[in-house]
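Contents: one structure, followed by commentary.
Chain nomenclature is as follows: A, B, C and D, assigned in order of appearance, with residue numbering initiated at 1 for each chain independently.
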Amino acid sequence: MTDLIKLCENERENIISIRRDFHKYPEVYWREFRTTGKIGEYLSSFGYDVYYGNEVLKEDFVMNYPTKSEIDIAKDFALKNGGNLDYLEKSGGYTGLAAVLDTGKIGKTIALRFDIDAIDVIESTDNDHRPYKEGFSSVNYGKAHCCGHDGHMAMGITLAKIISQIKSELCGKIIFIFQAGEETVAGGKSFSQSDLLKDTDYFLSAHLGIKADKFDKDIVGVKGFLATKKIDVTFYGKSSHAGVSPQLGNNALLAASTAITSMYTLCQDGRGSRRVNVGAINGGAARNVIPDKIDIKMEVRGETNEICDDMYRECVKVMENVAVMYGVRADIRVVGEAPGAESDKELADICEKIIKKLYPSHEVINNWDFGASEDVTFIMQRVQNRGGKSHYMMIGTELAAPHHNPKFDINEESLIKGVKILLLTVKELQK
Amino acid sequence: MTDLIKLCENERENIISIRRDFHKYPEVYWREFRTTGKIGEYLSSFGYDVYYGNEVLKEDFVMNYPTKSEIDIAKDFALKNGGNLDYLEKSGGYTGLAAVLDTGKIGKTIALRFDIDAIDVIESTDNDHRPYKEGFSSVNYGKAHCCGHDGHMAMGITLAKIISQIKSELCGKIIFIFQAGEETVAGGKSFSQSDLLKDTDYFLSAHLGIKADKFDKDIVGVKGFLATKKIDVTFYGKSSHAGVSPQLGNNALLAASTAITSMYTLCQDGRGSRRVNVGAINGGAARNVIPDKIDIKMEVRGETNEICDDMYRECVKVMENVAVMYGVRADIRVVGEAPGAESDKELADICEKIIKKLYPSHEVINNWDFGASEDVTFIMQRVQNRGGKSHYMMIGTELAAPHHNPKFDINEESLIKGVKILLLTVKELQK
Amino acid sequence: MTDLIKLCENERENIISIRRDFHKYPEVYWREFRTTGKIGEYLSSFGYDVYYGNEVLKEDFVMNYPTKSEIDIAKDFALKNGGNLDYLEKSGGYTGLAAVLDTGKIGKTIALRFDIDAIDVIESTDNDHRPYKEGFSSVNYGKAHCCGHDGHMAMGITLAKIISQIKSELCGKIIFIFQAGEETVAGGKSFSQSDLLKDTDYFLSAHLGIKADKFDKDIVGVKGFLATKKIDVTFYGKSSHAGVSPQLGNNALLAASTAITSMYTLCQDGRGSRRVNVGAINGGAARNVIPDKIDIKMEVRGETNEICDDMYRECVKVMENVAVMYGVRADIRVVGEAPGAESDKELADICEKIIKKLYPSHEVINNWDFGASEDVTFIMQRVQNRGGKSHYMMIGTELAAPHHNPKFDINEESLIKGVKILLLTVKELQK
Amino acid sequence: MTDLIKLCENERENIISIRRDFHKYPEVYWREFRTTGKIGEYLSSFGYDVYYGNEVLKEDFVMNYPTKSEIDIAKDFALKNGGNLDYLEKSGGYTGLAAVLDTGKIGKTIALRFDIDAIDVIESTDNDHRPYKEGFSSVNYGKAHCCGHDGHMAMGITLAKIISQIKSELCGKIIFIFQAGEETVAGGKSFSQSDLLKDTDYFLSAHLGIKADKFDKDIVGVKGFLATKKIDVTFYGKSSHAGVSPQLGNNALLAASTAITSMYTLCQDGRGSRRVNVGAINGGAARNVIPDKIDIKMEVRGETNEICDDMYRECVKVMENVAVMYGVRADIRVVGEAPGAESDKELADICEKIIKKLYPSHEVINNWDFGASEDVTFIMQRVQNRGGKSHYMMIGTELAAPHHNPKFDINEESLIKGVKILLLTVKELQK
């Protein structure tokens, strides 16, 4: 039998260089054009059948799709930076892909998911920020891989490569999902509906860092994902001169302010955690004009899908009625969504055993409450609802700064560790 | 005796061309660099003693002065568009000027004030907008003379020219104030404190349009200016992850929202009108982060200075205490200010008589409540407090669109009308 | 011709004793059973045609009528204190009356209105409170004539007596309205619709004290009554245990609190004063139960009827929508109402002249803004709308304490002064 | 060895008659005068050393003590209903007691606590309400034992009797605490500090019903008590006429409303549940007067003491600052308090075993989250902090209506069941 660890060690340099290439060319949700092209090229070259965009996802469940001009700018960036966009013809313009290795032998179907989008952050250009110092920091101003998805892709591609090398020793099917739009929880739902996933027996996913903030500390059996909905709202009022005729205006900011404070009063629930946050606000014009347009960006969460849905409904009720009460109109758009989920204990225990064997000195936390949201939960749920098992883990790595911080960086040693753990888990599940 | 009307008619073409030049190169508060240079050149050439910037104003009362980089951009614009900025050495960097004609004969001191700043509006580039169609619309993107101050300057310069031509027929002193920063009520206070104004017997000022929205409708004896304060506020909180640890954040937006709704509850006053408006808001970052910084732009007004001051004090109390209550800090800056004021009836009646004689068919409204704010009131009050008399009028003109609208334009015929009325008033007051 | 002043002086002792009798037996809105009976007996004895309750008022416009048990308690009090309630058969159970003196001669129809209800106040039992010390303070606990209506009735009855004595010197018709339910502005509307008033040429009414707070200071030509609506609201929610299952409750107090703060934000109006006040709140049960019922008592006012109506509509909109937003129901009842009104200058000038002649040393204020509300305005408006003239005045009197205070008391000397002024005014209007 | 079950069965009639006596004479917090006297008489007659009021409790920790006149009324009731109040000399006026049985033999110290106060509820007088039908409903109008404390006392007294009967078979010390003021969480803190409790090895307490709502369903190992603080607040403002001079008032209701909505916005916490509820509000006077006094009754809770304390501090900060912001004063009094606590598993398992043996068919829930508050937690914590173990259980009983409902009643069969379980537990702990 092949020495799997050796195969992994062979990729030590490659995996870092793949990660750094993605790091340098970050692209955000539904705009991962260069990124998708690159991944596709790799996977095709390894012998996978590659399915792009809406060959994988279900278009009806796509959320928060950008405007045409945003898309045009993003394509332009991709083309100017070596992107191969030929696949767009097949993909219906969507990003993300799935790559399938069918061994031709009877066996389990195992799916893995890696997320590929960057976030809206201006990456640090301080000299103590390694990506900048070593010349692989973002060349796409205002966008950056400050959450580790560059590393996720590097692990996914490397894992796919090794698996293709040991194809003859495997059975069943292996499916790699490279998902667009995780950061804004805009993509997971559409990918989760993919026909490719419908017979999945095991589903594996992983995130670098977060609470696993040291190389020798890993977390398996993540649960307690909060269900969430991401919502954009615009309050449309009517302006008028604030000194001469305030009574002729319909004050969109009074409506927004009242709605905001009122929504925060709704968070007590005996069934579990309930959250609301209005994270950004923008609007109005001159100080002497009754404001006629206010935009807010908000989210709700719940410890269960039911709580999250209740909170969403109650917030909508608040905003719609506050609007009427001030003669204003509230335009409410759900732009992202993820349910709650729990890892299956069976898979968590398998992973724990593998890590303990690979790294006897590591601390392994099993069964940990996340308390945040991730749209991988759509896929976890879909697989579980059809009788399969799902698992989410955190691969320990030192963090230069917290996730989403301009100075975020990882310990690149963790990448090959991640590949080893996932590879051995896949092998174990084949038994 | 000279035919004054004839002298005015001679300027018919000049006055329009002066107005259109200013219209093309609009500059906003404390950045009227090219504008001040141009006016200074005219007035010097007419034989006036010209005093620039802090030769006129009192620096301690300057409000809302721009940042260095804003000033640099503005100077650059002025220099690139033919501005002569030599005067800045004398002016201490401030804009605006005063021009004095001393007849050498005993007589009254009469002061007139014209405002010179533009506003932050993107001027229309529709073909039905005459300034655009005829090629004199703004070349300073995002700035525009959409309130008529270009016309005010043209009237002031033309009036100064004619007065210099009839100097031998006059007595006493004539002072022209070209005031910076009216739109944001940031300039009036500092100019009102000028030593030049200290012995003023009569003070005259005028605005094109507003309620005098036809050529044949003029308004004299304007009163009922609302006292006002313009305020910028920043709420500084502390961010934290809205899903995982909301309790660690200090929510600047909850503070701002509560302060906003609370301030609007303070407007009942048995003594007269009280106003508050928060006209613009901006802040926060990602939707899943407790917002740590919110900016608002607001104003308060009162039918009397006392009411305005009470409202200001109460709003500050609200904002400071709401801040403490949410663990937030409120940074509150007064960036503009104007008191209330009333025109003197004696001057209003003189003006009315002059208009009726010049234009028998015109409707003349005498004694009219403004209901809005203007920082000329600082000068009106100063003159009245020292025993002089003050007057504010509106010179009727057709308006292509309301003031501050991107398509604002005037009937240029009104410019020479304004000069005639002011000239005859000055002559009458000399008697 | 009769010496009118002498006739008045004859009543000096009677008028005080009438006032003190009413003072001792105060009855509140729609419960003035003993009061109405007494007035009717007086007026009948003077030869007037007396019309009771719904012989005068229009039942459809009665507001805030008490519950049966409140009425029963009030009748019981009246019967036990010498009340003659026989008239109730004719009155349909309503209180208040009109008395008409038809001289049989052609002439003007002059109407006068006096209000008869007391208020809900616990009258002082301090020894420095004259009504208590001299034994005529309220025997109806919790009710008191602390606004002067006892004096108004004494003046009305005395004036009616004298007028009946000089009937032969008069022409036309004299109508006395003794109106129920002024304090809660619950009665004026229904009396104003009376058929008896339909041909009124002149309408006179008066109040003791208020701003006329000295014997030698009277006010005529009162104007600037604020239009008002009095509103009772109940918010019905759903209770639940605040610790175990807060999410199952619908919080009536959160709804009420939000509605209250929101309604106070609506008071800016360029057209004139706008007011709202929530004067009382009551509700909830245990501190660990989500409150399911909150009662508030509120009012709105406006400088014009239009402003008042706008404010009413906007407040209803706020309450109804806040209710929906918290899953609560708002039950909103208008329980009182009065429009704005202005006295006619012609009558004000006549009154002024009469006072100046009777009391040369008195200060007389003519043309004064009330800034408060009184439902006499319904009658003033009705008369004016049909071409008649209306007047409201304040009869100066020293006040022991402000109106509605438990120690309120008047200078009884003012009563006969009031009779004289009204008598001479009636005589003058007959000319 | 004595047949313990038989001893219990002997008390079947007595225990019901004791319960019904207490039910008929309910007394609320710090006013349990007759109640305390009766219990004292029983316990003394069984041979216990009885300690009253501040012989047991620590006066400094007494909360929410009634006013003198409330106390006087309560004593009067007790005396008129057969109360023996002689003990008050020793008790310093406080209610509640402890009774100690010292076996003289070396052994464990076991303490048990029973609560003795009634609540403010008007007991039902419907014929389907057994206490009313059978003649033992409350004769103290507005007070009632609608939470089961009458049964708790009956169990405590009966248990004490039996234990005294088997004294010779026991070792160590047995302490019975009959605690005043549980309903308002006003008493637990002061009793918990008792010197008598300082060497307690095991502490047992129990409640009838709640989630154990059937005879054959008992709950042991209760945990997840929410820490709580009960707070009374008065907002003192300044009244003024709402029409004429609203600006002169300081609106206590606007302050209260703003504080209420703001406090409800503070309930998101990643560490666990946080609660606030304002359960009752009362204040203001006439609708046309700015309200100058508003009372609220509120509570906060937290899943941990730290969360509860944070919430308390934040609510105080809100109320104090809202008060300043509206020119109002907030008087904030903590009137009750209880920490969180957890039962010890060792005791829970013992109880479970005992119940299963006594009643094999019963459902026994072990380890259950309460989600509400009880001030027995002060004693539980004190015992645990000194190395002892504590347990809280729910004794199943059918409930005629929910706790605190006017029709609340229990299945009296449960009383003797409770005695059996506690007796066997005490015996077991002696081993």
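Just so it is clear, contacts are C-beta pairs under 8 Å (C-beta built on N, C-alpha and C of every residue); 3 or more make two chains touch, one makes a residue touch a chain.
Just so you know, these numbers come straight off a predicted model, no measurement behind them.
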Subject >> More contacts between chains, A-B or B-C >> reply: A-B
Original post:
Where the CA atoms of subunit B average out and where those of subunit D average out, how many Å apart are those spots?
Top reply: 69
Original post:
CA centre of subunit B versus CA centre of subunit C: separation in Å?
Top reply: 50
**OP:** Find the geometric centre of each of subunit A and subunit B from their Cα atoms only, then give the gap between the two centres in Å, rounded to an integer.
**Re:** 52
**OP:** For subunit D, jot down the residues that touch at least 2 other chains.
**Re:** 242-244, 246, 254, 258, 261-262, 264-265, 268, 270, 274-275, 371
**OP:** Indicate which of the five shapes (line, ring, star, complete, other) describes how the chains touch one another.
**Re:** complete
**OP:** Please give the residue numbers of subunit B that touch subunit C in the complex, ascending.
**Re:** 261-262, 264-265, 267-268, 270, 273-276, 371
Original post:
Can you list the residues on subunit B that touch subunit A in the complex?
Top reply: 226, 228, 230, 241-244, 246, 253-254, 256-258, 260-261, 264, 275, 277-291, 294, 297-299, 301, 371-373, 404
**OP:** Please name which positions on subunit C make contact with subunit A in the complex.
**Re:** 242-248, 254, 258, 262, 265, 268-271, 274, 310, 317-318, 320-322, 324-325, 327
